[in-house]
Amino acid sequence: MTSVTNDAYLAAGAEVELFEWAYAQRMPIILTGPTGCGKTRFVEHMGRRLGRDVVTISCHDDLTSADLVGRFMVTGGDVVWTDGPLTSAVKSGAICYLDEVVEARHDSLAVLHSLTDHRRTLFLDRAGETVHAPTTFMLACSYNPAYRSSLKELKPSFRQRFVTVPMDYLPADREAAVVVAESGVDIAVAQRLVACARTIRDADDVFHFEPPSTRVLVAAARLIAAGATELVAVHACVLAPLSGDGAIHDGLREIAAAHFEPTSDSPSPRSKAVRP
Amino acid sequence: MTSVTNDAYLAAGAEVELFEWAYAQRMPIILTGPTGCGKTRFVEHMGRRLGRDVVTISCHDDLTSADLVGRFMVTGGDVVWTDGPLTSAVKSGAICYLDEVVEARHDSLAVLHSLTDHRRTLFLDRAGETVHAPTTFMLACSYNPAYRSSLKELKPSFRQRFVTVPMDYLPADREAAVVVAESGVDIAVAQRLVACARTIRDADDVFHFEPPSTRVLVAAARLIAAGATELVAVHACVLAPLSGDGAIHDGLREIAAAHFEPTSDSPSPRSKAVRP
Amino acid sequence: MTSVTNDAYLAAGAEVELFEWAYAQRMPIILTGPTGCGKTRFVEHMGRRLGRDVVTISCHDDLTSADLVGRFMVTGGDVVWTDGPLTSAVKSGAICYLDEVVEARHDSLAVLHSLTDHRRTLFLDRAGETVHAPTTFMLACSYNPAYRSSLKELKPSFRQRFVTVPMDYLPADREAAVVVAESGVDIAVAQRLVACARTIRDADDVFHFEPPSTRVLVAAARLIAAGATELVAVHACVLAPLSGDGAIHDGLREIAAAHFEPTSDSPSPRSKAVRP
Amino acid sequence: MTSVTNDAYLAAGAEVELFEWAYAQRMPIILTGPTGCGKTRFVEHMGRRLGRDVVTISCHDDLTSADLVGRFMVTGGDVVWTDGPLTSAVKSGAICYLDEVVEARHDSLAVLHSLTDHRRTLFLDRAGETVHAPTTFMLACSYNPAYRSSLKELKPSFRQRFVTVPMDYLPADREAAVVVAESGVDIAVAQRLVACARTIRDADDVFHFEPPSTRVLVAAARLIAAGATELVAVHACVLAPLSGDGAIHDGLREIAAAHFEPTSDSPSPRSKAVRP
Amino acid sequence: MTSVTNDAYLAAGAEVELFEWAYAQRMPIILTGPTGCGKTRFVEHMGRRLGRDVVTISCHDDLTSADLVGRFMVTGGDVVWTDGPLTSAVKSGAICYLDEVVEARHDSLAVLHSLTDHRRTLFLDRAGETVHAPTTFMLACSYNPAYRSSLKELKPSFRQRFVTVPMDYLPADREAAVVVAESGVDIAVAQRLVACARTIRDADDVFHFEPPSTRVLVAAARLIAAGATELVAVHACVLAPLSGDGAIHDGLREIAAAHFEPTSDSPSPRSKAVRP
Amino acid sequence: MTSVTNDAYLAAGAEVELFEWAYAQRMPIILTGPTGCGKTRFVEHMGRRLGRDVVTISCHDDLTSADLVGRFMVTGGDVVWTDGPLTSAVKSGAICYLDEVVEARHDSLAVLHSLTDHRRTLFLDRAGETVHAPTTFMLACSYNPAYRSSLKELKPSFRQRFVTVPMDYLPADREAAVVVAESGVDIAVAQRLVACARTIRDADDVFHFEPPSTRVLVAAARLIAAGATELVAVHACVLAPLSGDGAIHDGLREIAAAHFEPTSDSPSPRSKAVRP
């Protein structure tokens, strides 16, 4: 599944420089921006660029600090300490990437405090061990500020510990290039998908939902590459996830219809699959 | 209980093509549609069609990520890692079907992230193991958007990871054919059952309940095949589950009465069982 | 305490036929009706009639799926899997009766899904075992729709899996016969108890409580058989449980007074025990 | 601390007969009445009268069913089943008394179901054992209906399983006799204490608190026997517990002042201790 | 840190007599009064006076009954019962003091029931042991009725089990004597501190906070003894804890200013530390 | 990462004297003040000044008392008690610093009671051990009163146990000196950063957020030292954390624009990175 563009990250703004300045100063960063705009791929790209491994941890409600730092485990009758992914990343001087950090329980994040200030140290209280981060270690987090419940907010004192790197969708031409590179569709198809997505993103205030990401455009393009008509693919990958109740809003249909006229598709026995 | 139609799935729309396109592109899918419209049977059908085993996991409030990926268990004095059903499905390249995925706790679903993007990888943090999915592995979820509490919503970022395959009730003639095939009743009986169900489904807005599924029509038909009158069977299998308080609404009785006149049933000593 | 009528179940409606039809078709059933109308005894009766053992499980808030299907237990130094009552019932082809199923946690009920559809299979994920139900296995649940909190509702998709068998109180003459058979009191006493209960049941809308069951009439009759006056017994067994605050409502007293005049009781030194 | 009256229970109503009738019929009972009116002592008295041991279990929010029936415990390297107090009581044919049963979690009470109906059986699911209660076993519960939160109510279906035995404060002369017997004070002192308590109980609707029990009168009398003035003892044992905020209401002071005039006490160096 | 006055408790009211009468009658007591008025020291004083050890247990939200009575613990490969502090206190006939008992979970307090009535017995259900309290054992609790949330109230039935011993701040001269004895400051300083505290206590209704305790006056006096000016010490020890938001209310400043004029302090290089 | 100023703490007020007076009197302290004003560094400074080690514990929602005092752990087959960081600090006579103590669960804080009053003793109930603090032990807590939810308040009785040491941001010249010392930027840059921060702090009432700390000024300065323009650095380190939704408020932009004119920066190919 590794696509050809993985090593050719297309930057949207100053994120590469900000990442490198922070890395040079051993400061942790936090990436902000909408779902699917490329935060995870950006961190993977920077890992390759800086020659560091990336350890990714998807945060969720039930992530405990033991899941991060490690725990004692019974192995072959013995009880031995087993490093968690954060501890492994610190010890090996890797880039540790906490995806959607706002989802984690606040108490789990407390173990990060001593890693994110001048101490750059991880305290493994239960193992009785103190780990000083090597200079190549870097902590990166991501956070989607537009999608958050009122119950889950990063504390200001937590956010102040990080250099904030704002990210956004790619410009249209670069986004179309990514879609082509990831799916193999023609550039004209990719441009139609990107144009449709941008129309929906601009209508965001009307619809009040998470706008379509580059990820869903690539998904639609791959479905088209597999044989689906453009309209079927856009319904299945772009429009359906936007709509909580399965019944796609009329407004969305109209946007899609304007970009992908049914007549522009070659008629097929499957075109009945689209339920207008 | 395996009926003759199990291998002869009757498609309502484009679900077969969408499933196959997604399978060809190694993309995960999510089936949406009302309870009992045939989502589980559809996945089983596709498993046979593609020659892959189907591992089904019924999601619920208390499903932990350990229930999905596995855990350490004590066996014969030793502590050994035991794969969960998701891990088994990934390793064997099967189709893993998460039924009613919206019921699961969000934190349990976090383990799916790396399986549903370009990585197609399952991280078993506690076992210290990384499993790369073979090309035949596919993840399928189901989700009934009409039946959900306000507290339980799939996150948009989760839904964007899947190709959405919308499903709906079968057209009347195909649904009647399924009822005949599954129960052995006459086609006329099946048609009356389907007509009654469709009337109730159309009245959905009035009654505000989960409409009757193909499953309950088959159940009623089987009860008729066992000797019950049509009206008794429809009360026991179709109407009673619709009504929270056991006392079937007058409106429902009238619909049933219009489709199954008591005089059309041969009088039997048991007809007193119907409490009008 | 086994009374002579245990083998002579008196049916109120079509419950016997519905049970047998469902049994013939290997379909699960759900009994609905008020507390104490005889659901448990009906299932025990059908077990004897069909020659199957009945395994009864009282559901409650804290019933886990492990309580149903089994768990690993440490026995004599070894860790061995121990079947729960549901698994035992499936393996032995018994009738498994889940009393007050609405009380159980929804996640515990998820293990029933594969048992209640065409698969008729129990998946013991933790033991790595799959149990196919023999043809004699039947699942029966009970559910009192009139007594439920707003927080506890069976999901429609769950209810649609069952044949609903509605039950109600017995007709007056049959109920009096049961009271006589269970307690040994004269038929006239039993008739007065039944008449009093029916008056209260009819006044249900006024009082808003769970109406008196056949069970409490039998209890009152047994207290009378032990020497209590009718009025004392009715207060202790029928009226007191109806009234949350111990102080029996005036309306209830009047109903009782109308059926059991103090003068109809032989005066006794204990009559002072009744606090008017 | 065993007082001379322990074997000379003074009945307030018909509770002795009701208990004996229920015992003769192997029926469970539930005692209702205000805190401290003598429910626990009554059960102890009936145990002596019937020659049965009494096993008392104080119910609370965190009482699990394992606390009642037993659990596996590690003893000397072996894992052995250990009966809980309920199981012990059933096996030995004792009277098992669940004090303040409404405090227990409902799920813990589910194990009582099969003990309280015609089965009279305790199912130890985890131990795989079934215990049939001998004829001498009796289950008794207590319940104070006036003191209950809206969140904690016994379910009607639970209450219908028991013979209700209503209890209340003793008549004034018997209550004074108990106070004398338990504390050794003069009958005149006991009468003053009882008179004061009855005045407060009658004013219950005004004050909205749990009225003073016989227990607190005995406590006050014992403090008097130790040297306290009547007014000091009444403040410390009777009035203070009535008042949530420590500052005794003026109304209560007036009632106390009317019964225990300071001038009737012999002046003592400690009288300054009373803060008027 | 043991001060010279520890053995010279200065009683504010009748608490010594009430404690001794309750001790003579083997009755449990509950001390009520504001935070820091000397409840803990009073119990320690009574322990010395009666020649009994005092076992103090600070109650909190998460105190389990096992924390009180004991638990099985693994020691050197064996599983042995280990008494908790309550059990130790009962067995050794000590005074067991439960500080801030209202903070404990109600279920944890249920184990106290049999200790606080005529049984004076502790049931160790899990250890299968019954401990009868020796005559020297006494149970004492404390409770601050002015500081309680609506969710945490001692149940009336619990409070009725205890002799209530109301406590309050000491009279001004005795409180100043305690301050001198504990800190070594001049009597004039102590009198100014006490006067300031009493002014704030009297203004309690205006400020709505927990009034300053004797404890904070001693703390301020010790800071003064270490070199702080009176105004700095009063700000740090008396005023700051009263004010939730760190910014001390103007009203409090005025009260302090009236008692401790800056000009009365010798000017020092540090006086700039006071931020007016 | 240890900077040259670590040993040259610049005091803002009387915090050094208050700390020393409290240390001399063996009294615990609580530091109050805004996030990032230097509380942690102040405690580290005092540790060096007094020649005591500092044990820092970051408090959070899930910190248990076992995390503080220790627990039994299985090591090499044996079960041994392992001191927690609080116990270690007490035994070694160190300064124990509980950072953000208001975040901890109240029950975890109960173990501190006996350490913070005249007893200066830590009770390890589970280990059966009592630890008397040596004279060099000191307990310090921190607490940000401006940032607290309504659910999390330190109890007044807890706060009264501590000497309160109020802290605040440094005066402008000292803060700029810290920024220079920590980052190596020119004093003019540091002064501009401090001036910008002070303008935002003064506008606190308008913006309602946690004001920028000295920590974020140092972070911005270090980013500038790495090559970032002043405006980019201020956006990434100072402004972004203030704004919950990633879109920096216009008001903040204007403040920043007033302090860091784009024209004052040398134009660079990266200047496009700043999204105005």
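As written, the chain order gives the labels A, B, C, D, E and F, with residue 1 at the start of each chain.
Here is the rule we go by: a residue touches a chain if its C-beta (ideal position, glycine included) is under 8 Å from a C-beta of that chain, and two chains touch if they have at least 3 such contacts.
For each chain, UniProt lists the protein as follows: A, B, C, D, E, F = CbbQ/NirQ/NorQ/GpvN family protein.
Here the structure is a predicted model, which is why all the values come from computation and not from measurement.
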Partner chains shared by subunit A and subunit F (touch criterion as defined above): none
Same-residue or different-residue interface between subunit E and subunit F, half as cut-off: different
Most distant chain from subunit C, judged by the mean position of its C-alpha atoms: F
Subunit C and subunit F: spacing of chain centres that average the CA atoms, whole Å: 62
Separation of mean Cα positions, subunit C and subunit B [Å, integer]: 31
Subunit A and subunit C, separation of their C-alpha mean positions in angstrom: 54
Per-residue overlap in subunit A, given as positions that touch at least 2 other chains: 77
Going round from subunit A, first to subunit F: chain order: A, F, E, D, C, B
In the complex, subunit C residues that touch subunit B: 13-14, 17-18, 21-22, 24-27, 32-33, 65, 72, 77-79, 105-111, 113-114, 117-120, 125-126, 128, 145-146, 153, 155-157, 159-166, 168
Subunit E residues within the subunit F interface of the complex: 1-3, 35-36, 40, 56, 58-63, 67, 73-77, 82, 84-85, 99-100, 103, 144, 147, 209-210, 212-213, 215-216, 219, 222-223, 225-228, 232, 235-237, 240-242, 244-246, 270, 272-275
